[in-house]
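Pasting the structures here.
In the two complexes below, chain A is the common chain; its partner is chain B in one and chain C in the other.
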Partner chain A sequence: MKHILIIDDAATVRLYHRNILEAAGYSVDEAINGIEALEKALVKPYDLYIVDVNMPKLDGYGFLKEFRLQENIKQAPAIMVTTEAGANDRTLGYAAGANLYLTKPIKPNELVAYVRLLLGDLS
Partner chain B sequence: MNSLLEQFLSEARDFLQSISEKLMQLESNPNSVPLMTELFRFVHTLKGNSGLFDFPEMTRVLHASEDLMDAVRNGRVNYSNTLADQLLEAMDFVGMMMDEIQVEGKIIKNYSATAAEVAKSLRGLLDSADAVNVPVAIEIYTEEGLAAKAISWAELPELNLPESIAMALYRCVMDGDTVFWLQYTPEPECFFKGEDPFFLARQVPDTLWRNVISTNDASSLAEMDVYRSQLIFQFLTTAPTEELDDLFRYVPDQIHRIKIPALAFVKPNGSVNNQTVDDEFISSALVLLEENNLAGLTRTLLTMLELSAPDLWSSSVLRWVLQCIEVEPDNERMQYALLNALRTQITPDWSSMTPTIKPHEVAIEPVAVRSVITPTIPVISSGLPDELLQIFHTVVNTQREILSLPGKWSAGRLQSVAATLLGCYRTINHVYEIETEAALQLALTEKSPLPLLALLEAALLDVAVVNTPESEIIESLGGRENANRGSEDVVSVGRRSEDAAGASQSKTLKVDQEKIDRLMNLIGEMVVAKNALPYLANRAETVFGVRELAREIKSQYAVINRVAEEMQDTIMQVRMMPMSFIFQRFPRMVRDISRKLGKEVELVLEGENTEADKNIVEALSDPLIHIVRNSLDHGLELQDVRVAAGKNAVGKLIIRATQESDRVLIEIIDDGNGIDPTVIKNKAYEKGLIDEATLERISDQDAVNLVFAAGFSTASVVSDLSGRGVGMDVVRSAVERVNGTVGIESIAGKGTRIYLSLPLSMAVTNVMIIQSNEQIFGVPMDLVVETVRVPRSQVRMIKRKQTTVLRGRIVPLLSLNDLLANDVAQLPNEDDEFATLIVRIHGEHVGILVDNFRETVDIILKPMTGILGGLPGYSGAALLGDGSVLMVLNPRELI
Partner chain C sequence: MAFVKRQAPDDLTITQDKRENERDFQGLLLELNSPDVTVRRWAVRDLMQIPESSPFLVTRLGFEENISVRAGILNSLAHLGDNVAIAGLVSCLRSEDAALRNEAIDVLKEVPDKVEPIMSNLLTDLDSDVRIFAVNILESLRHYNVEQWLIEVIEKDPHINVCATALDLLSEVGTEKSIPALTQLKARFEDEPYICFSTDLALKRIIEGS
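Then we have the complex of A and B:
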């Protein structure tokens, strides 16, 4: 079973994503900000990260920048999820290390499809 | 006529011919699928071509033909002789319009009624089920509302817009704008017709939202045809109808346009999690609504929104209610319906509701313009369902976007991109896995995304980029023109082979024909001007007595003469056109006429590459058609007659062009029944064209030549004769207008040969200058057989007419002074000899007595204009090198 870390300061969003992903057969952990996410990831590497942008302490960009420098875990794909969908934000996200930039609300089946694709689980 | 149009016409004729050929083949093989497919392709391409121009009637008929052939191809309609007849008729109609375009450069007459009729009868052959499928641009929903219209909500396009855009559009419509849903489905073959769907799509004005989807149904990469458009463009636009009509005027049938009512945008989206919204909340909201306490309602809704996840369907409904309160505060029904939807979890059915239109009540924010373009690069398709394929595209293209970003690249980022791509590739049978790993290693060493990017680009290119055919068609157009000039036999050739030819062609420069004509005129004047130099040399020597200078002028003249002649040759080369220009129409024409007459004819075209001046070639066109028609009509016999006469059952018609020194010789030879001179003689006598004496002694050859006599041909003569003779005098005068001659040889029962001899160019005329009654005149050299001096003693009077015997032949003599009505006798020379110009008039030799011969010169013959233009006996005037005017005689008219 593959592990996914959901990083979001909003509990609802975390739950929303958790429900979807668990229903799709993934094991899910949560972090409420970038710092906590880094700590968790260093203890237990995840296969995929779903990252919110606006978070206290360390936001999504900051998290991704740090994360991409950490040995052993840095190569995992990351999906950035946000409500703002400006083109500039996307580029910022990509530059920080995101592999995909999705705009909320994401339809459950869409999210599952993206996750499966990134994890190579579609075949 | 512009070259594109010319190209279109010439190609279209090929297509028309191929179409009729294929139809004939189908007649004997009615179930051949390849034939039908090919036939469809011809009609289809022809239609597409016609769409490039503004010939709506033509396109309309071709479109109907295309639909019909499509139905035949797919087995929905059975091939029948009636169908073939109708199609042929339609193609003839198209051909007729093309003739008009050829002549006039555009369609002048109004064919819309005929076109409609032809198209209707074609469509009549399609069964009713197909008739429904005929795409038409429809407009539904007027300002009056929705319910009154015949077309239901169900027929509105499925709009899956992001909420923010939907809201912006909703506001737009409420603000009084008209929003059209526009779907543009380019024809699959559009790339081959010079259409540029991307360009068109980009041109759509006032786009609020657009989308590109694929119609790709190929299940594997190998099956996908990247030369066909598989795209559907969708737009939401506020552009006025006229603008859209104008933009898509050439592809109106590829456009589907629907006016969207505001409520169609009100479509909450989000996830339905079975989490029903608290019933109490809904009730209290409804109460507030009933009390018309909109402020209170807004507060309640906002609170509720804060409590719900934003991506829920119910949250979306809440936002829509707020939007509605803001834009249409009075539309209680809508607000109620939305709130009620929170209970039912079903989007309200707006079909029964008319929005209240309250324009300008609320200040409208600028519309969020956003392009949602689904990636169009045809990445490896893999049997993934459509939605997944889209997601696949998004992810792959995003990685490309990421890899193209500038800046420093950490190993982690490179690895994550590679990991993402690997995830994608794993979905499609692990392709590119090894390559990606290798590229990643390289990228990590170089600390650069380029190796990964290069691989990704290559992977995408692997399936070819969509707009390749565009450049290809441009190349092939260029190549085609040249190919037309040179090729032996212009048939509709495969595009590929043309490309090869096009690539190796030297560069072609397109020049306005007028400029060439102007250049031609100038060089003509130059040729004449240089003729002044010998005069000058002469004057230098005789008048001023400077022999040295005279010699220098003469040597300089030799140089200028050589350069001028070379220039003249070169410019004439530019104007040269191959005979194939007029020959190419004969196959279809001969086929049609012979079919109509029930004759079997084999047409042989020879020397299509023989070139002549453009004017000459064009002037030849009509006379040739005339002659060929005559040959088919009156020359070649019916099959059984031929067999009975012991001839080959299939008649043979040869049209041959050859170049003989500075003239082009065109021969039209048939092996038909020839012309019976006796019949001609008698007819000519009956018509009073010859007198009894002539009837007695006229040779057979001379008798045959009588067909050229003016007034010989009338309809009755033709039918009586069942030989040829239709308007041959017309042919002759047309040929003579360009200084050509025409002759005929015929052996009764064996066949006929008609030959036209034409100058290569008519810009510069070579004339002989003669002197008579103290004036000088020019006589075109191509009429002059020889010049002789006839001693007075040799001039005999026969039947009160002057004649002489020249090499055993009696030659009538005419005095130029007499012909010009000067009451002066011609002057003989010291030896009492008359200078006599022997000219050939209509095949007969005639001697013209003049006072003296002078030199021959090249002149530019200018036809006389105004009142002088009506002067018979002169072909025109020209300026001589010394500045004097030379009147050029036209002996044909004179005698």
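Then we have the complex of A and C:
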């Protein structure tokens, strides 16, 4: 079973994404900000990261920049999920190291499709 | 505080040396633009005590690159709390720098009395991102009107992500008073799985908690 880390300061968003991904057969952990996510990832590397942008302590851009510097875990794909839909926001997300930039709210089938795509789980 | 005290001997030696000019307004303004980060940090801290300093701190905030000086400016502006200072903090919500936005949100959460007069304007700003950040400010704002502001957002705001952000918070702080607005929101966005999921969650919590 592949492991996914959801990084978002909103409990409802984490639960929504968790329910969708667990129903699709993935194991899910949660972090409430970039710092907690880095700490968890360094202890237990995940197969994929779903990252919010605006979070206290360390935001999504900061997390991705730091994450991509960590030799042992930096290869894992990351989906940036945010309310900001501007072209510049996307550019910043990709520059920080996101593999994919999605705008909230995300439909369940859409999220699962992108996760499967990035994890190579398409049959 | 304990952290500061443990570092005091070394820090005081260094930082006292860095307070180069007179600690009057003009001297501090000179130091606010010093190339030395430590000098600027001290100037920012001391300018907190001078009401006329808000415009100068706001101007410096526009191009200050050092994170600790920037954090000091935000705190000083919150402490000063005049119209210019608060407007300077609010302007950070329009920044493309996510870290600056989040720092400003955190600082604004700490000054509910200063935020109250402008909250209605922030929640109806033309920019949906600013409206979302305004809801983020409400998250920890200890103010009696938080639930009512959130109800008005989910009743009136046309943008789904503004409503979704308010909904996240209402699921934590909402009372029976929020039930009609939550029900109405679910009907308004009946094709949006996230809204349906989170309104159900909020309603369940409120009903079970009542």
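Keep in mind that, in the parts below, the second predicted complex is superposed on the first by the 123 of 123 C-alpha atoms of A that agree within 3 Å, B and C clash if a C-alpha of one lies under 4 Å from a C-alpha of the other, contacts with A are read in each partner's own complex, and residues count from 1 in each chain.
In this text, a residue touches a chain if its C-beta (ideal position, glycine included) is under 8 Å from a C-beta of that chain, and two chains touch if they have at least 3 such contacts.
Values in this document were obtained by computation on a predicted structure and should not be read as measured data.
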item	value
Contacts of A:Leu42 with chain B and chain C, given as first, second, both or neither	neither
Partner chain in contact with A:Leu92 - chain B first, chain C second, else both or neither	second
Touching partner for A:Tyr101 - first (chain B), second (chain C), both, neither	first
Which of chain B and chain C A:Gln70 touches, first, second, both or neither	first
Which superposed partner A:Asp59 touches (first chain B, second chain C, both, neither)	second
First (chain B), second (chain C), both or neither touched by A:Ala23	neither
Touched chain A residues, chain B compared with chain C	B
Touched partner set for A:Thr12, first chain B, second chain C, both or neither	both
Partner chain(s) touched by A:Gly120 [first = chain B, second = chain C, both, neither]	first
Common interface residues of chain A - those touching chain B in one complex and chain C in the other	12-13, 16, 19, 83, 103-108
Interface residues, chain A side, partner chain B - complex	12-13, 16, 19, 67-70, 74-78, 83, 91, 94-95, 97, 99-101, 103-110, 113-114, 117-123
For the chain B and chain A complex, residues of the former touching the latter	162, 269-271, 273, 308-312, 315-316, 384, 387-388, 391-392, 394-395, 398-399, 401-402, 405, 407, 410-413, 415-420, 422-429
Chain C residues within the chain A interface of the complex	96, 98-99, 101-102, 106, 128-129, 132-133, 136, 160-161, 164-165, 167-168, 171-172, 192-195, 197-198, 201-202
Residues on chain A engaged by chain C in the complex (per definition of touch)	10-13, 15-16, 19, 53-56, 59-62, 83-84, 88-89, 92, 103-108
